[in-house]
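Order of writing sets the labels: A, B and C. Residues in every chain begin at 1.
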Amino acid sequence: MEQEIILNEDEKDCLQELMNIAYGFATASISEILEKFATLSIPKINTISSKELNTYLNTKLRTNKKYYICNQLINGHLSGENIFLIDERSSYNLAKEFDLDENEIDENEIKDIVLEITNILSSATSGKLASLINATVSFNSPHITKIESLDQFDKRFESEYAHVIIISTELNFKDQHIKGELILLTREKSSNYLKEALSKVLEDL
Amino acid sequence: MKYLVVDDSKMARKMIIKNLSSLIEESSEIIQAQNGQEALELYKEHHPSICFMDLTMPVMDGFEAILKICTFDKEAKIIVISADIQELSMQKAKENGALGFIKKPVSEESLKSMLKTLGLI
Amino acid sequence: MSINNNVIFDTVNNGIIIIDEELKIHAWNNWLKIFTDIDAKDVLGKNICDLFSYINEKKLKRKIKTVLVTKNASFISLDTNDYLINIPVSNITNKVFSSMKQEVTILPYDYEQKLACIYIYDVTPLSEINYKLQKANEELIDMSHRDPLTHIYNRRYFAEQSGKILAFSKRNDLPLTILILDIDKFKNINDTYGHFVGDEVIIKVAKILSKHIRQSDIVARFGGEEFVMLLQNCDIQNGKNVAEKTRLDIQDSTITLKSKEIVDFTISIGVAQYDQKQDANNLEHTVSRADEALYKSKNNGRNQTTIAK
């Protein structure tokens, strides 16, 4: 069982600002790659303990809806795992945003696209965050699962991860409404590294 | 000289002010605003020489604030400092009247370079 | 000591391609020459999609762009793709995949020249193990649901499914009927002909029962010489019809031994339709009532069907 890492108010503010910058970079990356303008909705950033994650997910995952969960492992100073959560309807809209015709869109294509967007969002966000605090990271290939209820979600994260950063995002391309959530899970060692890096930034101010 | 720094994040304002302080005279005054609405009011009250504006803010966002301030004062000098670095966002800000755009995180160099380019230092 | 990149480039055990945003090839290593039989000199400057027409050009271009924009890796995922380049594999021990399964990582190589590096890894052996493991798991789950002798479902499976099926029938207001079937004087058959023949009889009965159900129905071995048939969207009258057809079919069936002797067998049946008042949301109660009806069939001379009230 990992120790919970607690950030004080200033550290939280600092992290929020760094995440804003990191997420701004991620959104701009998507825009540039897809050649579309994405409205950057202000990311709601929550930092919670991994124990609270279960409760949080319970409120997020609506019954009768199917979701894709896509996760990507991160190695290095900020080691941990990023999870992208998107409902079936949104993933379909996302596929259209990737300029696929209706008849090209099947389950495999949708999964491929969710994997791609997860990689872009996850590596751009965490990669940028890392560069802002002089950390080095590398990313593994993401994996995707379709789930229908929270029981199908792997619960081992409670014992493996100390710290959870949740970024609730809404990707809006013109009229397409795509709701997705990026969840950053960090290991104890990385949470410590993060806390130290944040206090260093605060010191310099 | 008066400067106006507009950002809903206290941390962001601190970062900008830290980098700005080393470039300006000690006698300068730096005024802070948390959103576009406050920015407009404080601008009208203090007439700062340069305004540093974030884009994504509650109540009134940067795009609208820039438009309103430039309508109020045609000579307004507004530099955008934002995390939203999409091409179209920068374009829109400039269309509304912003003179320049600095990508976050702001540094002494990027600030200095922008101010020099605009002939403000 | 300085690292000789050329040696590494040509001896490493994976494919390396250096490629630009227009998908033109700038480097092609020895691994690729060995596996595709294509020389570097024949591909440099060419578009990779001209060489391999099945590659999705739009997708690959997008991934190259991704690494140059995000300054991090991009991937061609095994979850949704089998390979980037089709390389046939044949092996006497592994016959699951006919083409090499590949994991592909794309990384930025040069930002100014806008070049990316594609790394291709052969993961066929691992994929084959995964595939076999998955199949073994599926078989294991299926086996736990089945009676080992007859291969029809077992009581455990019936118990697991009955809740779901009952709920469905109630939601859609459809009748549900249970048949309990028992081989007559089975102990005699075992004592007279031996357990081996007894098993043959059980297997044959199971086969015949399976012929009389539809896709939505379940037939399971309850144990010993007892079977259950769960008929969806079937009322007591239709249940009786199915029971009678099945009983007669079994009555007409025989087993011929090596000694040319013919073994006859019959079954007794009890039929009950699910009734909200009597069974109170529990299919086991319906089963009990069918069982009581079966008991009556046995007492009234066997080889007959009795309907529960």
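Following the convention adopted for this analysis, contacts are C-beta pairs under 8 Å (C-beta built on N, C-alpha and C of every residue); 3 or more make two chains touch, one makes a residue touch a chain.
Computed from a predicted model, the values in this text were never measured in an experiment.
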Far-end chain from subunit C, centres as C-alpha averages: B
Most centrally placed chain - per-chain CA mean versus overall CA mean: A
Geometric centre distance via CA averages, subunit C-subunit B, whole Å: 62
Centroid distance [mean C-alpha coordinates] between subunit B and subunit A, Å: 30
Centroid distance [mean C-alpha coordinates] between subunit C and subunit A, Å: 33
Multi-chain contact sites of subunit A, meaning residues that touch two or more partners: 32
Multi-chain contact residues (two or more partners), subunit C: none
Residue ranges of subunit A in contact with subunit B within the complex: 10, 13-14, 16-17, 20-21, 23-25, 27-28, 31-32, 37-38, 40, 42, 132, 204-205
In the complex with subunit C, residue positions of subunit A that touch it: 26, 29, 32-34, 99, 108, 111-112, 115-116, 119-120, 123-124, 127, 138-139, 141-144
Residue ranges of subunit C in contact with subunit A within the complex: 58-59, 62-63, 65-66, 69-75, 77-81, 103, 105
Contacting residues of subunit B [partner subunit A, same complex]: 9-12, 14-15, 18, 56, 58, 82-89, 104-105
